[in-house]
Amino acid sequence: MRPRSRAQRRAADAAIRVAMVPAALIGIAVLAWILGEVIARGVGALTPTFFTELPTPPGMEGGGLGNAIVGTLLMTLLAALMGTPVGLLAGVFLAEFGPSSRIATTVRFTTNLLMGTPSIIIGIFVYSVLVLPLGHFSGWAGAVALAILILPVVMRTTEDMLNLVPDELRESGLALGAPRWKVTLGIIFRAARSGLVTGVLLAVARVSGETAPLLFTALNSFYWPGSLSRPTANLTVTIFNYAMSPYSDWQEKAWGASLLITVSVLVVAVLARFVIKDGRERA
Amino acid sequence: MMMATEERVFVQAPSEVAKQHAREIEDVFRLPAKVTVRNLNFYYGGQQALFDNSIDIPALRVTAIIGPSGCGKSTHIRVYNRIFELYRSHRAEGIVEIDGENILSPTTDLLKLRKKVGMIFQRPTPFPMSIFDNIAYGVRLHYRGSRSEITDRVEDALKRGALWDEVKEKLCEPATALSGGQQQRLCIARAIAVEPKLILMDEPCSAIDPVATSKIEDLIETLRDSYTVVLVTHNMQQAARVSDFTAFFYKGHIVEFGPTTKIFTNPDNEQTEDYITGRFG
Amino acid sequence: MTDSTAEKLSVPPGAPRDQSRPDALFKWLTAACSLVVIVIMAGILFELVRNSGMAFREFGFSFLTTDSWNPILSDFGAASSVYGTLVSTGIAMIIAVPLSIIIAIYFVEVAHPKVSRLIGGAVELLAAIPSIIYGMWGLFVFAALMQTHVQPFLGTHLGALPLFQGPPMGIGMLTAGLILALMVLPFITAVTRDVLMMVPPVLKESAYGVGSTMWETVRFVSLKYGRRGIVGAVFLGFGRALGETMAVTFVIGNSHRISASLFSAGNTIASSLANEFNEASEPIYLSSLFALALVLFGITLAFQTMAHHWVARMQRLEGGDR
């Protein structure tokens, strides 16, 4: 056997190392460019009235997206309130009761499928079960669509986090004579707290930036969300409508809304990370 | 003659003793020193872990390195193939000559060095591929050969690793399916396959049951004929069973180095004696 | 008497009666919650099938193969949307997969640990940015760049290929594919980075120990060790790109035509739905859109199931439990 040329092997290694730097730079630079562009174009639109006033017709000075901000917050909050408890309990089932049972395996697989289902399909599903029968678009329908998106994510993180809790903890709780539900909710949840909070926060943050599931459910509106039984204003669909419009002042508002959404999502994501760190230090 | 040597050495300072012994050994066995270490210092960031280590590892012999945990045994041999450099804060200073070449010099060819110096780790480290590919991996890295040549080399390495009979029927199965002891012998065979001259073993039996351990010890026994072996172990019986020479490390210093029989029966240093008789460590 | 015996038997030994009942209740409650997922999935399938029935009765199997989409003549076919979905996703994956794996390797194996931690964390955050932001950037910033620089460049140098012919319009199939690539890039990079960081150091040491270079270690050992995680990430990214709506709708041009050139406008299933669903006035139009949604749902389900089995098979073949 002939020895392989070390020089050649080293050259291949060096070539890869050299090629990596521009690849990494390009990837990072473009992503930084996107962020920079959102900040540069959006920051001008974020005046005080942007947060407090109703939209104005194109060409008219002033006005804001106060209604859309409130609408997005309301629907996201409602979605979190609907999706999170169900997701947490379902995660408990997967992690604590029969992790390898047939039913748990099926549920787990289905959860993955649901997580991979395009959000626009969720929107269409909710349209056909809530909007069509009731005859009108509504904030409730939007919240339900978002809740369906939150649910599988919370389930999977809950299962993962609960699995990280050592069995000794479960056993010592049960050995004290505590019932299973008390051990789970009182001890296991507490031990996994930081991971669970992070999971829920990330899921909610991600969903708050979703557009597709709201297009056919909450629709959009130019008014304050007085009742969630009517079409409800929200930031993301507003961005879509305004960006596609030919009016430059609307487009500017769309950039403002983009900046607001991006910053909020990033802030929550960073916060979530701190929760994890904090929890680890205390543990 | 041995008696006389020991008398004389007894009154000298430990490091002098070590050097003296090394000289003695060379004279007695007429073996070229495969590894010559002079004033090796090692740092983990700001913390010094090895202090002025100097030792001559003789060729074609098994040298054991013993000492309490945290004494720098593993750190010491991880310098020989410069694997420590994977971690940025780790730093070595001094001279480590292997076959007369200072491997700590910046011009050292690391690939060549690591081909020449094989290493076995505490836990078996089968690569995530089949048994055959585990061995062939290293061969293909360093050699260009036909399929049959590589197959021959794999078979040869597995035979020398005393594993052939157990795995010849299942070469295509994943290596992770082997038992711990078999995995470790696989790693030894993998190291052998690239034809090293020096084999470093870092507590190779610490994660393995007694039966598998004795198989590996038998294997080390046969390796002595073709390779220089440096074996780090916390198991003194193992050192006594398989090694020709023993070095005792304590808190980063080489306290004593000499023929194994001497270290275990009549050590010069009090700390060595305390350790091998089980008074500490 | 018999009653009380039966009751006693239903209680597990050692568990006081008053505790087993809440526990059983708790278990059923959690089970019920987890079944919600199955109900939703079944519901989606049922609704899509029910509502698309009219379209499939009308057009039959040819719905999938014709590329006409004419609301005025009420003549609908999914071919152009399916084509656009697959092509834009294909472009995205061809670019994003190698690039994100290389970036991940760079961060784990080459870059200074501090840089790696900082930028690596930033990349993970970028994966959380809503897709509509990518759409905005694509429409207002990137499309202009494509029109003035990238497309003319490709046109002059690779114009011989039908792929790169036609007027540079900025928006179109290629732009959509590139935006999708940017969108899945942070995601695949983040997962691959995690996977590579989980390779046990001692495994890498043994690879370097037999004299591998960095690239050989990564290619033959680290990537192999983590391939299940990476394949999973690639498939997830693929799934996201398939169903992505907003990032694509902004820049693809929304035309129901199959064109050989990547410069020309096209559409995907998701973009057609986003644009037309609320405007569909005729029942057959709406039903055709439901049918499109069903096709998309079917494609994602098929890919995910395939990925699931593939990863499971890899796990079986590798043996071991890691």
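Residue numbering begins at 1 within each chain, and the chains themselves are lettered A, B and C in the order written.
To be clear about the criterion, a residue touches a chain if its C-beta (ideal position, glycine included) is under 8 Å from a C-beta of that chain, and two chains touch if they have at least 3 such contacts.
All values derive from a computational prediction rather than experimental measurement.
Comparing each chain's Cα centroid with the centroid of every protein Cα atom identifies chain C as the most central. Averaging Cα atoms per chain gives one point for each, and the point farthest from that of subunit B is the centre of A.
For the pair subunit A and subunit B, the distance between C-alpha centroids works out to 53 Å. Distance from the subunit A centre to the subunit C centre is 15 Å, each centre being the mean of its Cα atoms.
Inter-chain spacing, taken between the CA centroids of subunit B and subunit C, is 49 Å. Shared interface positions of subunit A, i.e. residues touching 2 or more other chains, are given as 9-10. Touching two or more other chains at once are residues 213, 216 of subunit C. Residue positions of subunit B touching 2 or more other chains: 111-112, 141-142.
By the touch criterion given at the top, residues 109, 111-112, 139, 141-145, 149-150, 153 of subunit B touch subunit A in their complex. Residues 9-10, 12-13, 16-17, 19-21, 23-24, 26-28, 30-31, 33-35, 37-38, 41, 85-87, 89-90, 92-94, 96-97, 103-104, 106-107, 109-114, 116-122, 124-125, 127-129, 148, 151-152, 155, 179-181, 184, 202, 205-206, 208-212, 215-216, 219, 236, 239-240, 243-244, 251, 254-255, 258, 261-262, 265-266, 269-270, 273 of subunit A are the ones that touch subunit C when the two sit in their complex. Within the complex formed with subunit A, the residues of subunit C that make contact are 19-20, 22-23, 25-27, 29-31, 33-38, 40-41, 43-44, 47-48, 50-51, 99-100, 102-103, 105-107, 110-111, 119, 121-123, 125-126, 128-137, 139-141, 182, 185-186, 189, 213-216, 236, 239-240, 242-246, 249-250, 270, 273-274, 277-278, 290, 293, 296-297, 300-301, 304-305, 308.
Those residues of subunit C lying in contact with subunit B across their complex are 112-113, 200-213, 216, 220-221, 224-225, 227, 317-320, 322. In the complex of the two chains, the subunit A residues touching subunit B come out as 1-4, 6, 9-10.
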